[in-house]
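What follows is a pair of complexes built around subunit A, which joins subunit B in one and subunit C in the other.
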Partner chain A sequence: MNATHSSSSSGGSGIGSGPLGYGNTPTCYFVMIGTKDNPIYEAEFPAVNTARSSSGGATIPEAKKEEFRHLNQFIAHSALDMVEDIQWSTNQMYLKAIDKFNERFISAYLTAGNIKLLLLHDAKSEDAIRNFFNDCYELYIKTLLNPFYEPNSIISSAAFDTKVRLSAKRYL
Partner chain B sequence: MLQYTQKRVNGIQDLERKLNELGYRVGIRALDLLVWRDKNSKRETRVLGMLYFIHTTVWKTMFGKQADSLEKSTENEDEYMISDNDPMVSKFISIPKDVSQLNCGAFMAGIVEAIMDGCQFPSRVTAHTVPIDGFPLRTTILIKLDREVLDREEQLK
Partner chain C sequence: MAKQYKTLGEDIWKNKVEKINAELFTLTYGSIVAQLVKDYEDFTEVNKQLEKMGYNIGTRLIEDFLARSGVGRCQDFRETAEMVSKVGFKMFLNITPAVTNISADGREFSLVLDENPLAECVELPDQALVDELWYSNILCGVLRGSLEMVQMQVDAFFVTDTLRGDDMTEIRVKLVRYLEEEVPAGED
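Take a look at the complex of A and B:
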């Protein structure tokens, strides 16, 4: 996954070539977490973000993109606590933006079977994200209906992956 | 399905447990499916709402009618009962005398248990036959909620 822009943001990022700065990474990170806090599925989508030219105020200058991919998982897991708190106060399924990390937002969607769909993203319209979550939920249900699929286990189907990416492209 | 399980178990308890497991698998899928189809539905967070959902929606989709009654037990705080006068599952099964203890409602109990578990209301669910005049097959599903569910209900009040 390559950063499409290599804007030379704040100084101090002179370590080497390659993608610079956290604020430049346009990817969204999507993960589905089962009832035992086990990740069932995860994916990254490079999003096309129009207003990106001056994300020069990158907060963490010298980190490279690869490091943040690991960080994504940590961020998602810490967001889980927030989800659990909120979960009992509302009976909505879509729990908007529940957490914020640096400049990124984390939105959550909680299914009836208590599967958590988390999305790390930059500022996006809520509607788009809600539609995306609905699509993913539908795909998940279809996977669930498969009698050979053990609930709460990893989804390794390539077809599922393709469909999720398609949906992401459409909405994100 | 009954014959399949019968071949594989020795004992009535086991048979009921196996039926329960089969019902469990159905239940997990039924839960998400029903919530999805009921487009504007929200998740259930309260016990009563949950039971009501099972009592009406689930029963209706599975058996074509609502369950006949939903009761709260007077003796224990954590027991609820859903009754069905004419369970479709046991309709065409005749039970020979030597296994008279068997209740095929264990399948329905499994479904209910899966739905409760899925919504984070862990509980023990069992099926009992309580014949009444006119309804010899009347089955009652007893739902005994775990301690933590009750505590949570208290907190949420």
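Take a look at the complex of A and C:
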């Protein structure tokens, strides 16, 4: 299992696979967490900007993907504590990389309404992530302007999802 | 003829009308609709209530309109249509819907709104798409109320709405009849 993973991801962020056999899935996991630590939106973006990663995605069986999803959620939520610590030390909304898990980084963006945008990613430029977060923040504001949207509830709009994925494709 | 209404409408908008913040307006209307949806839970009922609210607004709004614009009687229903779209809508919402689909007998027309300030950034919940919710139904009520005060009984209703996924937002206005002046009871 480990051998398959390390051979398929020839580039990317290193060959290492974690103690759980967690190889280099070149996906980014994005989650928006409300004020009560409830996830209001989550999405996964396979990194399609490099040729090497496309082969990596094909060799991971479906069952393993489910595990990664649970793990992603776990990693993101454990990073929430870090967010709450760091938020008092800066007046920026973009908190950059706040945590690290094996080879993956977690970047955070804290909105004025205490909504946390978290991104699990491999090594990426800060600017790209900052732009992506800004885009998502604007999309979130537009969602808030919709009178039928309850603040702090799950965002189920397909339009929002499409736009977030578009933005991810552009920046990530 | 249409040109002079257009310039009249723009002139009134520029000079004689007090303006408010568009976002405030949109958010206020949005919260009205959201609250109605929560209270009634039946979208046909919400439509009716919005229309009733619009009717009450319309009966008062016509006075404001006539006072500011100072226009006289329209010769026929076609002129009414032009007046409503070029002067009325321009004055109060700063939009000029296009008048289309005038029927052969001149008793019906459509207003096509290419932008709707009431519905900026609004997405209807799925249930509202299944049952027919016309988000801006208050406009139909305003049309009905204001035209009734100038002796025209009309039926105004939405045909299509971009919020529901259609290509455009269209209101159909049908003239039912002209109302005769009635002598108040007790006078000869």
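As a working rule, the second predicted complex is superposed on the first by the 132 of 172 C-alpha atoms of A that agree within 3 Å, B and C clash if a C-alpha of one lies under 4 Å from a C-alpha of the other, contacts with A are read in each partner's own complex, and residues count from 1 in each chain.
In this section, a residue touches a chain if its C-beta (ideal position, glycine included) is under 8 Å from a C-beta of that chain, and two chains touch if they have at least 3 such contacts.
A quick note: this is a predicted structure, and the numbers were derived from the prediction, not measured.
S.K.: Looking at the overlay, what does A:W88 touch: subunit B (first), subunit C (second), both, or neither?
M.R.: First partner only, subunit B.
S.K.: Touching A:L145 in the superposition: subunit B (first), subunit C (second), both, neither?
M.R.: both
S.K.: Report for A:Y137: first if it touches subunit B alone, second if subunit C alone, otherwise both or neither.
M.R.: first
S.K.: For A:A112 in the superposed arrangement: first (subunit B), second (subunit C), both or neither?
M.R.: first
S.K.: Who contacts more of subunit A, subunit B or subunit C?
M.R.: B
S.K.: Under the contact definition given at the top, report the residues of subunit A touching subunit B in one complex and subunit C in the other.
M.R.: The answer is residues 145, 147 of subunit A.
S.K.: Under the touch definition given earlier, write down the residues of subunit A that touch subunit C in their complex.
M.R.: Of all residues in subunit A, those touching subunit C are 142, 145-149, 157, 159.
S.K.: Of all residues in subunit A, which touch subunit B in the complex?
M.R.: 35, 87-88, 90-93, 110-114, 137-138, 140-141, 144-145, 147, 151
S.K.: Considering the complex alone, what residue numbers of subunit C touch subunit A?
M.R.: So the residues of subunit C in touch with subunit A come to 23, 26-27, 30-31, 33-34, 37, 120-125, 128.
S.K.: Can you list the residues on subunit B that touch subunit A in the complex?
M.R.: Within the complex, subunit B contacts subunit A at residues 25, 28-29, 31-36, 42-45, 49, 118-120, 152, 156.
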